[in-house]
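Chain naming follows the written order as A, B, C and D, and within any one chain the residues start at number 1.
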Amino acid sequence: MADMTIAGEFFRGIVKDNPVFALVLGLCPTLAVTTSVENAIGMSGAALFVLLGSNTIVSALRKQIPPITRIPMFIIIICTFVTIIDMVMEAYTPPLYEALGIFIPLIVVNCIIIGRAEAYANRNTVKFSIVDAFGIGAGFFVVLVAIGAIRELLGTGEIVLFGLKLISIPITPATFMILPGGAFMTIGVLMAMVNYNKIRKAKKGA
Amino acid sequence: MEDSLFSIAVNGIFVQNFLLVQFLGLCSFVGVSKETKSAAGMSAAVLFVMIMASIASFLIYTYLLLPMGLTFLTTISFIIVIAFLVQLVEFIIRKYSPPLYRSLGIFLPLITTNCAILGVVILNARLDYGFIQSVFYGITAGLGYTMVMLLMAAIREKSNALKVPEAVEGLPHAFFITTLLSMAFVSYFQVIPT
Amino acid sequence: MNPVAIIGGSALVIGGIGFLVGIILIWASQKFAVETNPLVEEVIEVLPGANCGACGYAGCADFGEKVVDGLAPVDGCPVGGFDTAKLVGELLGQEVKEAESIYPFVRCNGGLHCTDNIDYVGIEDCRAVMMTSIGEKGCKYGCMGRGTCVRACPFGAIEIGEDHFPHINKNLCKSCGLCVEVCPNGVMVMANDSEQVHVLCRSHDKGKAVKAVCEFGCIGCKICVKNCPAEAITVTNFLAEIDQEKCTNCGQCVEKCPQKSIVMRSVEATA
Amino acid sequence: MNKEYVMVMVKILLLSVIAAVVLGALYIPTQAQLKVYQEEQRQLSLKIVNPDADHFEPVKSGDETLYYQAFDASNNLVGYCFFHDQPGSQGTITLAGGINTEYTVTGVKIMGHSETPGLGAKIIEDSFTGQFPGVAEDDLMLSKDGGAIDAITGATVSSVAVIDGLHAAMDEIKANE
């Protein structure tokens, strides 16, 4: 990827290498957490912080990390960031921690972060790793909020964001959307739409 | 907690199945379940790491962290042990079956962050299971993971011959199959209230 | 718990775990050391990685090792085509000449012009049809358009057109040859772009049987054999075969063939 | 153990120790702050679950607080308050409860839970906890068993868990008073 530009990397993270649709990573939190838009925002925010931290440190130390103990060292870095954010938020911003509490440990098992550390940060300069973290984080945010909105709207009939009711549709709430089945279906449908768009473009192009 | 081994087994494999009910371990599940060979390879690796991780994390938690009151280090120490086990598995697979190593690709390191494994060890700690219970839970959760993984790989291989609109082929198709599977498992959940 | 105990304790615990991890991993890396020749890794990096087996080896890793050991030709990867061959050549210090690109080609002209033998309802797969009957069409040698080749193609380069024939999209096709292998009737063949004259039929039936079933079937009348200046055509068992080395693309046989089953194809994007 | 392996050992050891020290160092202030915050929270929830009480005296056995006695401004016993952990459907539910001297519930607040979002998690909403104030001990049961509390649809296990938690705490207080 010789001709890497800042903007190029950023948008690549959102569209071409979208963490959830293209790379198929980070599904566990994506499905578990997107029962509401509020949770989705919280999760992707926390994930972005950790991703930024880990990408920077990993790419800064990439020359030092011996290939033999590669995975454990990535994990130590990632987990330190997660524990930091966990402790700091628990003590200093209790209400926010109350809302995001269960997501923080989830981040450490978020495949996106080690996925990027292994596939990207380990091979590129700090500058591009940070941009990549922003790009992937934004991609993650967009997808999470989209799925969260769909599931919350269909599952509970309304979207409540930080207490204020944004939209409400007069349907009998389909709790199916809150259950695991609904989550899989939503992401399946969205992914099919993305593929359809890609194929249409490829057909026109080829 | 005096959960009988049977209830742990039913919990691990069916009712609280890590993949379909608890959403844990999906990244590798979707990524690798294209064909049974790599699915089997992956589940064997996950099962091995789960059992070893349950043993190691139990020892660390009860004999190191608890007495010294450093429970805030639980997540980090567990995950280092898992990462170490995965690195070990990576060496073994690369040595003894390079094709499997190639087909697992990026998903091998991803086992480390495989939510299922960390899920098992943290649950072991939170429910403060005894040693046998922890190891048993590791085994049953691993079997639950393997069962669903192989089930999914078989279905996906069979469904290749179906005529599916082009946009749905591949991953969306896999997700729809998973939807049906998880509905079946969740209905199990309602039947046996634990 | 005073601060020193906490920091000291955690340094001890995590440090201890890290130390153990380090020791065992080093031991493991020696015990399970795999003597990979770094050059092989570089070659594999350059290969397309489709693991399609067109080069005749079990995936790119296997092909990479064989190339480095000199057992496989540098341009042995048809999928990668010339540019991969060039890269591999550079790595191994061998120069590579431009190779002719070859593409799959359908040798059947029946399709809608061919009567249907049975009304097949079942799995969308030509092999399944051949397994369950002697063929869906009147002519059991022809192309049924059930899309086995479409699914076999790892690059999605083949599509079944309205004329029930597979159409190959040349800029997607990596000429890996999987479709040729998978076609139960052997209708698909890899054809060099310069080979323009082809017999669009595979039927070994006698003339009367062919005419009853298909408009453009080859009835083995040998007119083409008589008219070919380069004697490139031989008829075996009522089917004309063109020897592409001898054929000079003169097109005599195309005009003379009463059934019009020999065709001069112009090399356009999709065959 | 040639030089290269020693380097690997040094690097992984160094990284582990640095991570540990950073976490350890951060743990102390955050823990202290957390204690302060938790104490505030406890006082606050005691107030909520027992509105007419003015101050609370912890009843300890050893250094562990069993429950609190609630006194009004003129220092006569008005009721009791307690924190109780009860296993729910997904994990433990921590609830705060208040009762008066006749063991009628004065208030319930869910302090922490890990129930399924959207289902069991609804126990924290007032629509559920609001039913408890004024309910005597004997009809502290689900409405379908003749009690006064309607369970949350699709989350019977979590609703029952809260009720059983209250009963358990009440029995504990009865045994002690």
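Note that contacts are C-beta pairs under 8 Å (C-beta built on N, C-alpha and C of every residue); 3 or more make two chains touch, one makes a residue touch a chain.
Not measured: the values here are computed from a predicted model.
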Quiz item: Among the chains, which is located farthest from chain D on the basis of C-alpha centroids?
Solution: C
Practice problem: Could you grab the centroid distance between chain A and chain D? Build each centroid from C-alpha atoms only and quote it in angstrom. | Solution: 31
Exercise. Take the average of all CA coordinates in chain A, do the same for chain C, and state the distance between these two points in whole angstrom.
Key: 39
Practice problem: Using mean C-alpha positions as chain centres, tell me how far chain A is from chain B in Å, no decimals. | Solution: 21
Quiz prompt | For chain B, residues that touch 2 or more chains besides their own | solution = 72-73, 76, 80, 83-84, 87
Quiz prompt | For chain C, residues contacting two or more additional chains | solution = 6, 9-10, 13-14, 17-18, 21-22, 25-26, 29
Quiz item: When you check chain A against every other chain, which residues touch at least two of them?
Solution: 68-69, 72, 76, 79-80, 83, 87
Quiz item: Which word fits how the chains touch one another: line, ring, star, complete or other?
Solution: complete
Quiz item: Which chain B residues qualify as touching chain A in the complex?
Solution: 20-31, 72-73, 75-76, 79-80, 82-84, 86-87, 90, 106, 109-110, 112-115, 118-119, 122, 166-176, 178-180, 182-183, 185-186
Exercise. Show which residues of chain B lie in contact with chain D when the two form their complex.
Key: 72-73, 76, 80, 126, 193-194
Quiz item: Okay, in this complex, where on chain D does chain A touch?
Solution: 7-8, 11-12, 15-16, 19, 22-23, 26-27, 29-31, 33-34, 37, 41, 114, 116-119, 154
Self-check item: Residues of chain D that touch chain B when the two form their complex
Solution: 16, 19-20, 23, 27, 31, 89, 91, 156-157
Quiz prompt | Complex contact set, residues of chain D against chain C | solution = 1, 5, 8-9, 12-13, 15-17, 19-21, 23-25, 27-28
